[in-house]
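Got a structure for you, questions after.
Lettered A, B, C and D in written order, each chain numbered from 1.
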């Protein structure tokens, strides 16, 4: 067996399997930082990606928050975009057919909602679309029927929305966890029990900046979500903790910007990795990471990337 | 009244009052990053500081964690020092008399413990020391009698240790909050109700790095605490939230490195500010901040620093 | 659009105002009013700065890019310390830019502060198309004035206003409108209060250039979206130039 | 101790090994075996690097500091790209350093890899004090060897070992010990496995220099503490040099 594996192993095999679908490599562009891929496809052939998660979709069109929505931070940024998107029907009628022209792999549909019903309605519609390979449930949205706290903060609420959507969709269901939860591993365990096929983490961390001139919160929304390299050690720790708790695959994200970061996330327990904010400051970030994966794998003596998943655990 | 205030206001008054003690300026060197001040006093006269909080003290001497204890991160670092200190008796017999030679202001005693009894015992002893102006209770330590979770994660446990120490000490009691709490404002409210005279926040955020060569967690302790500019937006948000919840003074910290950061923290609600990690990479960080405060105040049209506390709240 | 440029000049030309000239591939810059986004060491987000001018050196796209920026914070302050020879990573050809075809024979260009900068290439292009260009350049005080002569040299009819009257007409750009003669179209760039005043006072249709805080600068993050009459627009991609008729003031 | 230095030379001298010479105030560097901590743009923590040599240019403390570093990660790789003229922010005079007074007449200096670097100033000082200095320099392979001639030039008796035998004696530094003759004291610096081997094989007392990951580098954070026979020691402040008798292996 061992011998046979070595014989057939290609030098630098970057492929990973995510809920039954093979990805050429574990690099997934993260929701909200890649639009529907269109702008990037004008810069490089985005079919080199493992896949990408398109902008979070709600039932109805949303403009999102007022300006300003962006604030700079040390090694990161805050965003308070507020889930701007054209609504699920326009995504299906306008964005997905366009996307099919330049992206020939299955994409990940990031689903948002402000009630369980909304999550279900959006997920049901996207589940029927051919281009959609996975449903990624963003449970960092506030539950307007549940006192306004985000679904992702509480294992029970997270499980409820997960099982409701689970019943409504056929495609693999990924639940995207919020780092603001008191115990993210407990939320992960709850959504696993509720039928999630994978978890992705982390979403942005609540943060804030103040404009010294105006002496007011810089963002119109007061608070925003922190992303970028600043949160990498926090994200990595959470992936490590969740790996100890669940047996479904984990998609790790938060500040990933280099091939080394991808490997670090995978050693912590990630089967695949999402790259978000890095795309915004370096439009070719995902391409650069994918191109440098083989040489970094060689440096760290990795033949098959999927071999190292969770490798840092004893 | 207005006229009188303007008449008597000095140009650039940096003083603030913290629990009845006037500080020349709001800059406090943070516990664990300033030792007992000795090394810094060889670099600059540390009497320019508002004050400083000395290394966390436990009842018995502690060596702390194994090596490595330090990991670098984007715009920050992880530490897993593990509360190395010589124990309260040696602090009192050896460190405080030495400290009195070069620091002539009241210092802050950072108190750690692994049980309520230990917190009380350490705080009681330090409360009797002349050099100690405030007791700062670091409630991020795990409660070995309470299942190993940190006191600071839970409002109830935090309140218990606070009221026990409150009964045992006469000096102003500052409770230092953990950002890992599900709801830091709830913990703040609980310790206020339990008799805290002030709160300080934030302690480090749990984080991790993995050594790609060894494929093992980089730190011997696996996880460490993230500090430095990377956490500033998170710390600022928490100070802002706590200010809305409590009426006792807040000491803000987490990544503060410049005079602008001090002002941003104060606008968010801090009465004073602690500077931690910045001291490690720039030994004169506190001095530089204090020296540049007047010009930055002038730039932002601030005459009296204490006027802006909480100024970003409507 | 991700290009390396080399600084060939970086000098103060007015109070807190710097002119930077860079050598690199300018082929993606197709319209006046577009901008570039500059990566600066130690700053996480790129800084968006308008194209003031481009000069094509060869047939192969390489040329000189002129930027004018005001020192208002850490990033622009750092920029002002950079010396010739330093290489910068730029995203170029960002934004829609102004449409010179709409100008009619007598376009009026109104700029305030750094907002004057993109009007220079616009004026050059309009003049090259045979239009008669009038510009009103508004500043706070005489020490802030820049490019007055450069606009004259290319044949624009120039009026300068300063808020304190220390140079040119006293007052705001709109105070110079009555004397501007008749015009067929308005192009404007400057701080939002100025844009609002021009919007109210201008007699014609026109194009207005806006600023928002940006993360990506190329249309993928929705960080810069604004409401308009025709739906939301991303200032970085569908803007920064909006037509007068579509503007919805906040 | 917070000083600005200017790079005057930065060149590769062996495989992945660079020699950097800097001009600045070296007055805080009082002993061989001390180190400096370098702030590098884009890296949060300072990089600790041993003093290889100092040359005092004037009476006022200004002089040339020589460092030798191996390219093993992001920070040292970035260092290797820096050109002469670049200014660096250094904390200098860190650590206790070696005590030359203890050496006796025949000190033996044993270094491995970059650990050879601090032995150079140590050898110079010992020779200046009239001692007869023997050094064993251990490397992996011939391409990694540096400073062999420089040690000879100052009058040290030099043995080089390489693990693969491509230069000098084949094997580890300890394999050269039997041929080293008799010695009165051992000074050592190198990777921990080498230090352990020397500790076991060395016939005399001595001083050993250690490395730990550091945050402050000047004794305030307890990031680098290690247990010793005489209690804990901060490698950055009470070390990096420990006496043989106080070492407690992990």
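The criterion applied here is as follows: a contact is a pair of C-beta atoms (placed from the backbone, for glycine too) under 8 Å apart; a residue touches a chain by one contact, two chains touch by 3 or more.
Keep in mind it's a predicted model, so treat the numbers as computed, not measured.
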(message) So if I look at the partners of subunit A and the partners of subunit C, which chains show up in both lists?
(response) none
(request) Please report how many Å separate the Cα centroid of subunit A from that of subunit B, as a whole number. (result) 35
(request) State, to the nearest whole Å, the distance from the C-alpha centre of subunit B to the C-alpha centre of subunit C. (result) 46
(message) For subunit C versus subunit D, what separation do you get between their C-alpha means, in angstrom?
(response) 56
(message) Can you list every residue of subunit A that touches 2 or more other chains, as numbers and ranges?
(response) 71, 73-76, 228
(message) Touching at least two other chains at once: which residues of subunit C meet that condition?
(response) none
(message) Which label fits the chain touch graph of this model best, line, ring, star, complete or other?
(response) ring
(message) Going by the touch definition at the top, which pairs of chains touch each other?
(response) A-B, A-C, B-D, C-D
(request) Using the touch definition up top, name the residues of subunit B that touch subunit A in the complex. (result) 71, 73-76, 78, 153, 181-183, 205-210, 212-213, 215-217, 222-223, 226, 228-234, 236-237, 240, 255, 260, 263-264, 267-268, 300, 308, 311-312
(request) Under the touch definition given earlier, write down the residues of subunit B that touch subunit D in their complex. (result) 32-35, 39-40, 43, 55, 63-64, 66-77, 79, 81, 84, 228, 277, 279-284
(request) Using the touch rule from the top, collect the residues of subunit D that touch subunit B in their complex. (result) 1-2, 39, 43-46, 91, 212-216, 218-227, 232, 237, 250
(message) With touch defined as at the start, can you tell me which subunit C residues reach subunit D in the complex?
(response) 41-42
